[in-house]
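Here the structure comes first, spelled out in structure tokens, and everything after it is commentary.
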Amino acid sequence: MSLETLKPYFPWITLGALVLLVGALNPSFLNPASLVSVVADIVPLFIMALGMTFAIYIGGIDLSVQQVANLVTVVATVYLAQFGVFVAVICVLAGFAIGAVSGWVTTRQFVPSFVATLAMGFIALSGARFLSGERALSMNAEARDASFGWMFGTTAGVPHELVIAGILLALAWFLQTRTTFGRALKAVGAGELAAVSSGLNVDRIKILAFALSGTFAAIAGLMFSVKLSGGDANLANGFLILAIVAVLVGGTPLTGGVGGVINTLVGTLIVVVIRTAMVYLEVDATMQQMIFGIILIVAIAMTIDRSKMRIVK
Amino acid sequence: MSTFIKDFIEREKINRRNFLFASAYGLGGAAALGALGPSMARAALTDPTIAWSYRNRTNPYWNEIVSGGEAFVESLGMSRDALTHLINEGSSEKSLADVKAILAKTDGNLALAIDTNDAPNARPVVEAVAASGAYVSTLWNKTDDLHPWDFGDNYVSHMSWSDEGPAEQTARILLEAMGGKGGVVHLGGIASNNPAIERLQGLKNALKDYPDVELLAAEPADWDTQKANQVMSAFLTRYGDEITGVHCANDTIAYGVLEALRAEGIEDMPIVSYDGNPQAVQLVADKKILATVFTNPHWGGGITASLAYHAAIGHFKPSEEPKEHREFYGPTILVQPDDALEFKANYLDSVPTYDWTDFWGPSNGPIVYK
Amino acid sequence: MAITETSGKTRVSAALGREALVKWAPLLVLLVLCAFFALMEPRFLSTRNFARILIAASPALMVAIGVTFIILMGSIDLSMEGTVSVCAVTFAFCFLWLGGTLASWAWLAIPLAMLVGAALGFINGLVHVKLKIPSFMASLAMGFVGTGLAMVMTGGDRIRIEDELYRGLLTERALGFPLMVYVAGLFLLVAWFIQTRTTLGRNFYAVGGGEDLATASGLNVNRVRIMGFTLAGVFFSVGALLAVGRIGIAETATGNNFMFLSITAVVVGGTALWGGIGGVWNTLVGVLIVFVIGNGMVVIGLPGYVQDAVLGILVILAVILSTDRRSISFVK
Amino acid sequence: MYQLNQVDKRFPGVHALKAVDFTIGRGEIVGLVGENGAGKSTLMKVIYGAYQPDGGTVTIDGKTVRFQNPRQAMEHGIGMVFQEQSLITNLTVMENIFLGFEQQFVRWGVIDWKAMAEAARHQLRKVKMDIDPSMTTSKLSFAQRQLVELAKVLTLEERIDGDLVILLDEPTSVLAKEEVELLFGLVRELTSRASFIFVSHRLDEVLELSDRIYVMKDGAVVDVVAQGTAEVDRIQHKMVGRDVDKEYYREQKQKPYDPSQTLVSFDGVGVAGKFSEISFDLHPGEVLCLVGTEGSGREAILRTIFGLEQPSTGTVLVKGAPYARANAQQAVARGVGYVPRERKVEGIVNGMNVYENMTLSQMRRYASGGVLRIGEEKALAQHWIDRLGIKTPDVYKDCGGLSGGNQQKVVLAKWRSGGSDIILLDHPTRGLDIGAKEDVYDMVREMSDAGAGIVLVADTLEEAIGLSHTILVLKDGIFQKRFDGSPGDKPTLYDLVHHMI
């Protein structure tokens, strides 16, 4: 086994090493039940990162996801009583639409996705603030349980959240590896000009990638809203940076065409292990952010595959 | 007023009687004793981990809260480091994840004091704590349909502050100082936060009695000094001399407003704020701010942790306590220039030693839902 | 032959016209915005209000100039929030420790803070270049480290700077504008000087225009990169000093909101995220656009919940107008 | 003067240079030829310091030197003239010329722009250019940029006291004939000051310019021939290790096309700023060649057929109908296939494997309801790998790792396997070695036989003449002359050049 052949597995190795390290320092970390519970909690974050993967995979970025999720928590809470389970459709459509507009502004108006999605996020935030009347809203408990109670049960000890995450991951993976759309995404990410010269409708593919990102952000927002049984314009704050970090640490660099949704799974797990380890190892609260940053540098340095990066910008 | 403060301190220290803020708002009728929730299998814990989960360390308010938590831990004969800090950085997601992590780590042997960052987040936190047999007391944020008595003993208590009344009180001081005429602007907190809504409502209530004062504008400044500074600058452009008074939703906002005025060379603008941070109290003493409202976050932080801890070790059984002992308002005290220095000396410069088992002495009556 | 000549000429003049339009588009956007707000609310158009906008914009301008150099190289720096906080806190601690007034040795805290900014930028550059981590990730992580470091230093406390001399940055005025505006203007000129008249400044453009080509020409690109991040760190620290001068408080939160704000301003000003195009004057215009929008919306009395959306829409429009669509094939 | 002794260089899995001996004397022009992969570029990189040899020594005037980077090589008088794309287009001409060496114009930390402009003018005069050195480089033509490249390397003259060695890497690939002559004249003049190493695929030019020619094959120098004794045949023989077919362009396989049908029809088409009033018809089996200098509108016409340019005047009919909206998807759907010049950027996707690249333009054929049938894709790829003799270990190989010729075959397989019958070839043999070129020529004939119409922009005029049925000569976007080129009745080089310039 040479270093070259090991490269694709670096994120997994990093994850394994981290888990073992924390487990060695505090064996109770490895208790399966608590691991499952910790992992189940990050499902909304994971789903958001999953969507973000598509945007980063084509070499862009989506900074609107957090605000999309904020908007969706409000939409879900406000309209749950009226539409029941179908509120999910509205939420997903809203996420899709915002993502599609971001994509349109990026591809057709040549506004870099960094700025386009940031600006679209502001617009979503305005929507959330307006719709919520600038208040924290809570869901009607009965309506919530009737429509979305299934999201948070357990079957045979497996939390349904994990099942949902698994299904979405499988779906995203299938989309990425087995469909014409996924192949086109890869082509756009790795060589946009060649994709154009092959007659691919590159604009549409890019717009769809951002729309997917918005859609997954909406699903993440919906789950979070149901989990917290409420919504407001700030509820999902804190998701954005972590979602980006999860994608990057997993080994999907911003250069595009490399990595993918499985990497994001690993990346999210790495982020969660680091974060949970802080609590387990009783790291001083004021030190946590600094240590998080340092470990992040180490983790990224270990996980990214530099062989496809000609120039490191 | 100074004797008032002295009394207040005395009572908070030793008196078990409820102390009520001396005005006529906010206190509803006594809540009836509700049906008690199912009690949990685990009766009491031995030597539980004590944890405080809060938003961040960059706000003096939360530092005060934490200092109370630490003082409580020290009162148990432990070092202040024994208190576990969980900082959510304004993210509900992290708040919940941290709670889950520490529950897993301690295997439920935990007494948790928490502000859940956002009201909706309180329910999953409480459910998670109850499910693992730990004990939790909440501060500030929870939704109206979530009640400690629905969770047996594990959800020990919730403390909040009724801000509408005190904010109205400061507003009246402000409006008097303005001579009952002119224009006032309000710089609020994060718009969806409950205290931000209540503090603005307090101003609006007071304005009803001052028909000659116009509320020129109310903008959110997100509890943020820099944002407040910018919003105030823009207000000065828009309204100029029409502004004769400023109502701030908290002290950190007031700092930004003061600096914006200072940049314009305006020194004598009447301003009131909220929270009673040491710096703000000093500004009140210097008559830069007319009044602020002290909510005693030190006590709030300590007593919230204490409630969770003592319930956890079985010192008292929450389900046997009346509802007003499980949802109650924290104390508020108005600070004005003539008593500010004395208040500061007694209250902030040397923090009083509290009896952390006097759970409800300084509290301010049961929480009332509208 | 004649036909080709003339068509060639019209081609050139059309290209010049378009180029000029794109070049001046950000400034036009700024003027249109000012005119619009002035129409809606005449009081917008006053020296005092411009002074207010400039006071608010000065620290952000410094941070944005710092990141402009990085963006010119085609990289990005997201560490500014951490760096600004650390510099502000370091400055405040040293200032108070050395006497607490500019009239004493406490003035040494100013160069010290700039040194700290340079050091943080240097480390940022090292991590990026030596570990071969893309700058987006390296600087993002360094931002966490910076904010965390500021937190460790302060333990969450705020430090007040009461010195009347130092606060003179805000309170003393000349020609209607506070001193900090002139300080920011001075550093803008310094940045312009670096950009146009020094080897380092020109090398930023070379790296942004074609990194591998620059390497082949014998340019030590890694050195340019590290020096760029160091320089950015210095400008971040100047931003921190002005931010402290404006509010009189140094704290962990001093750096908050600078990240998205400064990068948005740089892009709105017409500096391309892919490198090589733009400069500090573009950044000045971009920062002013963002702050004029912010100030103008409050001045004309837009409801708070609409302001975010309006800012978003105007930012997109400004970038669209200042982009030469024909010169780029795609954007990511 | 400059000498490589037994220089060795290895990369993982490749022995790139095998004990190479190389000498260049003062004022000498040395040619360096070899097929792609023969080790020319590795050797050049060793010479100008981008690579460090694993074995052997490099000596200058008998002294052993070792360069860690190109800069150190420059300090010893060794400079490299890159292909035209190596100037940084957002910088001014003078900045490009002195990039990395600005320090000489810096006084107290400040760049003295006037001094730099003056020095730049001096350099530009050496290559007989009279342009404003503060012009942005993006405004120069490709030929001008090539000269600026040379001027840039010539700054070594002032910087270095000793002898200069200047490497010229494919300097003529973008130049028109007269510009090539100008360049060669300059090089000859400059031999008073410098020695040159001239690397080119154009054997005739190498023969014309060089005093001696090194022939490389498989990482070793297989022959050194002096100018007087050099013969094209012999060199080609050494390069490929076999005789090059006299019927290089497969003229014997050229068959008449079928004029009764029309695939593409241009009627008075113009694109603003690119070309105007162009009319022609492309028929099945026809190879139509567009000839002209860089910027004559050749590429723009290809791009118009492929839907990447919107015609401003006239009508374009592809298979009898105009595009509803000009875009590449429409063109591909009509059966147009585009083989771009920038193979590595536009032709293949670097990072995708062989079968992924091959089906990129026709994924729908290998998918049901958007789900790919990857097994069929691999089978297709394997079929074409066998048919075209693509050298790749398997279908999973990243196309970015294939050699240029094999990449080009993948691109051609992409279009042929998808049934495209209008093939646009933009410099299809650029940078390919002779063997790979011949394969491409074979494929061109095969496609014609199968009834495809081909529009070609050739790498050389010989290639254009050899391959085409029809030649359209363009100048500055204006149609000049049409030639018919049936076998045995082809126009001469002179005929074409006469109308080009």
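Per-chain numbering from 1; labels A, B, C and D assigned in written order.
Here is the rule we use: contacts are C-beta pairs under 8 Å (C-beta built on N, C-alpha and C of every residue); 3 or more make two chains touch, one makes a residue touch a chain.
Composition by chain, UniProt nomenclature: A, C = Monosaccharide ABC transporter membrane protein, CUT2 family; B = Monosaccharide ABC transporter substrate-binding protein, CUT2 family; D = Monosaccharide ABC transporter ATP-binding protein, CUT2 family.
Because the structure is predicted, anything quoted here is derived from the model rather than measured.
When the C-beta pairs in contact are tallied for C-D and for A-B, the bigger tally goes to A-B. Each chain's centre was taken as the mean of its CA atoms, and the one lying most distant from chain B is D. Centre-to-centre, using mean CA coordinates, chain C is 42 Å away from chain D. Per-chain CA centroids place chain B at a distance of 37 Å from chain C. As a whole-number value, the distance joining the C-alpha centres of chain A and chain C reads 29 Å. Among the residues of chain B, those in touch with two or more other chains are 57, 191, 220. Residues of chain C in contact with at least two other chains: 151, 155-156, 304-305.
Each chain pair that touches appears in this list: A-B, A-C, A-D, B-C, C-D. Contact residues of chain D toward chain C in the complex are 50, 69-71, 74, 80, 82, 85-91, 95-96, 99-103, 106, 109-111, 113, 152, 273, 276, 476-478.
By the touch rule above, chain B contacts chain C in their complex via residues 56-60, 62-63, 191, 217, 219-220, 224-226, 229-231, 233-238, 240, 255-256, 259-260, 262-265, 279.
Touching chain D in their complex are the following residues of chain A: 178-181, 183-184, 186-187, 189-191, 193-201, 257-258, 308. Note for the complex: chain B touches chain A at residues 57, 84-94, 96-98, 100-105, 107, 118-121, 123-124, 141, 143-145, 190-194, 197, 220. Residues 58-60, 63, 105-107, 109-116, 118-123, 125-127, 129-130, 134, 192-193, 196, 202, 241, 244-245, 248, 253-256, 286-294, 296-297, 300-301, 304, 306, 309-313 of chain A touch chain C in their complex.
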